[in-house]
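Got some structures for you, see below.
Look at the two complexes coming up: subunit A is in both, with subunit B in one and subunit C in the other.
Here is the complex of A and B:
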């Protein structure tokens, strides 16, 4: 029997810090009437300490808590991404929440607990911990999606997200039960070691299929994407930004853990199914995005398409694929978070000013914001030398190496479609006369945070090897 | 002695009943009850596997699933109440401001 080891607490110290921060925030709410300002400080401090601890504990792979949790480069990489995304989105959401009168302390606590769930998903090497991480994250996001509780659109988006999410949780759990039944363990390392023995078992494959379905829902890959446009449109924009970036990255971390690091399905029927999921997501996401007139909905469909590009790396099933996805996610988190934060600045009260036309002529009123938005749009479209280009480059290269050339070609073709709707926004901002204006003058902190995101997008594009080396497991 | 297959069949049938309930019922609370039925059928699978494998992990997972289901019920009912206050309906066909 394994005994409890004090070192385990050191390996999981970023998680422990965040849990304590979240609990302090909940208590704060009860004792102070105007606790929001303090809550922002406490949560920012908690996240910064957790980032520090993540960097300090970064190192060799070290199983902890009775082989359920893996402290190592993979988990630390993703923890860093989630924490950075969480911190940026908290800075960017503060003014938005104040403007819409939903600035409450619970918001911070929920975001912090969602990050804890995400970090558990990225560090889990046991299906039980993986499941708990998924649920912790999802439960917080259901509440966040309905955070504007007096508004019907927000309620509706929360209900749709909740009902479909819980429905799919049932499948994910049934899949885990079947994997447990056929292998006799929930530990992914043990399952991975004896993978050959199970790979032909029909019940095992049924379990794999159900887990695949559950995780595909969380990354919003077609045909399990139907919730995404509605939920992204109805939820408060700051929540959408967080949900579409960090939560997608967390679900991909779980996807990589299960399908690349545990199972070896490269070149089998399972990887063909993954390739088809990727192809369908790319096509549906990009084609549906063209028809949208609401910017949040356009970005929702674009996130379906990006899930497709990243799934290409999983279908490839090689190490390049894994590194490609990790780079892509790091880039995607910053570019999409930046784009959503500018959408939240333009948005008015009661879901107004969200259509494309509300951006006409933005460059005359807000030249800096228009320029930053253009950077994010160019990067999402995958135009070099921005980070989005290298993300696509790495995953498509991995697909070519795995003899999935058709998928890479389809990826490039659908990216060409995507240029149309991303650049449409840029054209409106610069070459169309209009009265576009931001709803309230953004503060210096907001501008700095958005510029930081844009700077990272540029930096990752100019020096992609920085992140690629960390993703490989070394500096 | 009841065979493992019988337990698995029973839980599979219950799971399918839950899925059909989610897909065909229109009342949000009934849909939610069907989801709980799905989770409980999974619990039955886990307990059956656990007993036949002689391994306690499955039973431990059941406790986690029950906890998660309780948390989900709290969040879900809160969301349903918030929606009912604004819309006075629980029919998911009428909840359609956002296009599906």
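Here is the complex of A and C:
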């Protein structure tokens, strides 16, 4: 049972590639004075190789490393999403970092290690690995949030995120300890097999509640979202983009692994609690977003609302819910990353040009950027035929099938509210004269990367079955 | 009811750990808090010993009471917090809500663990003695939990990078 299998290394090859890339980056920093440019190339190459390996190793579920790691379609799907988001965000953050004078090799190493943590969260079938993945990702993000050391808001962001994150880690770990105490194992497959026997156990349920709380914090679901606006606002915009997309996707991967693939709570009190969390997130996120005048804060509250929509799928607890969330996340990663990259292009030095008014008349100066931003905003608002619409459609459909019609109706109503603040930006860009400007002329690479994100948003909206089939576990 | 030596020891250590934990958060002087925290760690180590977890007990003392507490003390001395009166916090309604909520959670946990009649996997003394040893934990770490063990090294590496990024004096 405890034999080491060489195949395990093959299954984890994308992870190994990334770790090696991270180590190479660190060594590089010691030997070259101006290592940043090379660092970008090295990390992009590492991620591309990892993407290749993820596609090649895609296949049937196969536990590895003594049942702690599951090589399979679910993990590969999410690994692909994290790697693609990481690559896009690195391409989009390079100029931003240079402009704000924080272009350093460690940035790349931390992003790479954060992706390793995310991939572990998506592929873990052992609570210990899941926890270590969460911690590895969070630790890198704490530092990345405070990467702009000379700016007070960035320090505030890192400190708030770290203190609250460390506090929540305590809950997550206590929950895992209680689950271990009642089941005698940390292996999720074993727990899942004997789930019926534990499901009425009070200590077990207490552990489930603690784990739910810990993961709800990571996905920024209300009422555990209070950190999100401040952290998203203060962190460097390129980091915020990465944090609000890939990290949220990773936390949802962990959520799905624990609450849909291991536990079967559909139709019980636990799924009612999840439904309430979803409802509260949708309402608080959307209503608070209306009042914001800072675009980053608006996107932060909108990400709380999106966490609510996706939680609807978890509360539904059926297969449609899981596939819906996976599709939603794939779409959300690209549309939100695109939106944040345009915010980072418009943003000036020292937290300036972040308010809504700074976007007035953007279509005159930068017609392409304004058009791309509109695509992302329409998609976030959930207007067909863009990807955001189908994401919502799938999770709400799953909710209706699970007799949670009230939640689906609430979701549709709150989406209507969200149209107001998303479209407000579009209206400002097109129908208002203003002094909108971008901080620096975006390079061709940046434009191509943003366009690619917009293209994917459109593509996923027109052919949602592409992703849905992969999420179902096939091609 | 006849109390065995083990039970007496448990009650003594449990009382000591709770009392010292309360002292940690009620002392004005940070140095006093840290010293009570060390008392707390030692009594917890004693509790682990009564549970036959010798390895964790030793690690608790070496890592927490030894290494981490020394760092704590150094930081507190270097920070030179000065006026201790200003550290005293005022009571506001938000804090009262927080205290109330914490108390509710504590009561909930106590109720669930003590009175809900939950069956824990039977306490097996021989098994507990076996898995508490250094040899057993070492073997498990390098076989069953090899993968998490390796991830921990990456986690620590990321933490070191983070510390360097945050604390490096000169940024080039």
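In this text, the second predicted complex is superposed on the first by the 475 of 475 C-alpha atoms of A that agree within 3 Å, B and C clash if a C-alpha of one lies under 4 Å from a C-alpha of the other, contacts with A are read in each partner's own complex, and residues count from 1 in each chain.
Here is the rule we use: a residue touches a chain if its C-beta (ideal position, glycine included) is under 8 Å from a C-beta of that chain, and two chains touch if they have at least 3 such contacts.
As the structure is a prediction and not an experimental result, all values here were calculated from the model.
Chemist: Check whether A:206 is in contact with subunit B, with subunit C, with both or with neither, and answer first, second, both or neither.
Modeler: Only subunit C is touched by A:206; subunit B is not.
Chemist: Under the stated touch criterion, which partner chain does A:365 make contact with: subunit B (first), subunit C (second), both, or neither?
Modeler: Neither subunit B nor subunit C is touched by A:365.
Chemist: If you stack the two complexes on chain A, which partner ends up touching A:184: first (subunit B), second (subunit C), both, or neither?
Modeler: Both partners, subunit B and subunit C.
Chemist: Have a look at where A:109 lands relative to subunit B and subunit C in the superposition and call it first, second, both or neither.
Modeler: second
Chemist: Just checking: does A:268 make contact with subunit B only, subunit C only, both, or neither of them? Give me first, second, both or neither.
Modeler: Touch partners of A:268: none, neither subunit B nor subunit C.
Chemist: For A:226, select first, second, both or neither according to whether it touches subunit B, subunit C, the two together, or no partner.
Modeler: In the superposed model, A:226 contacts subunit B only, not subunit C.
Chemist: First (subunit B), second (subunit C), both or neither: which does A:153 touch?
Modeler: first
Chemist: Would you sort A:451 into first (subunit B), second (subunit C), both or neither based on which partner it touches?
Modeler: Neither partner.
Chemist: Going by the contact definition given at the top, which residues of subunit A touch subunit B in one complex and subunit C in the other?
Modeler: After superposing on chain A, subunit A residues 128, 132, 135, 139, 142-143, 146, 149, 158, 181, 184 contact both subunit B and subunit C.
Chemist: Would you mind writing out the residues of subunit B in touch with subunit A in their complex?
Modeler: Contacts found on subunit B: 8, 15, 18-19, 22, 28, 31-32, 35, 38-39, 41-42, 45-46, 49, 53, 55, 57-58, 60-61, 64-65, 68, 71-72, 75-76, 78-80, 82-83, 86-87, 92, 95, 97-100.
Chemist: Under the stated contact criterion, what part of subunit A meets subunit C in this complex?
Modeler: Within the complex, subunit A touches subunit C at residues 2, 4, 19, 22, 26, 64-66, 68-69, 104, 106, 109-110, 113, 116, 120, 126, 128-129, 132-133, 135-136, 139-140, 142-143, 146-147, 149, 158, 181-184, 201-206.
Chemist: Give the list of subunit A residues in touch with subunit B in this complex.
Modeler: 128, 131-132, 135, 139, 142-143, 146, 149-153, 155-160, 162-163, 166-167, 169-170, 173-174, 176-178, 180-181, 184-186, 226, 229-230, 233-234
Chemist: Under the definition above, what is the set of subunit C residues touching subunit A in their complex?
Modeler: Against subunit A, the touching part of subunit C is residues 108-109, 112-113, 116-121, 143-148, 151-152, 154-155, 157-159, 161-162, 164-166, 171.
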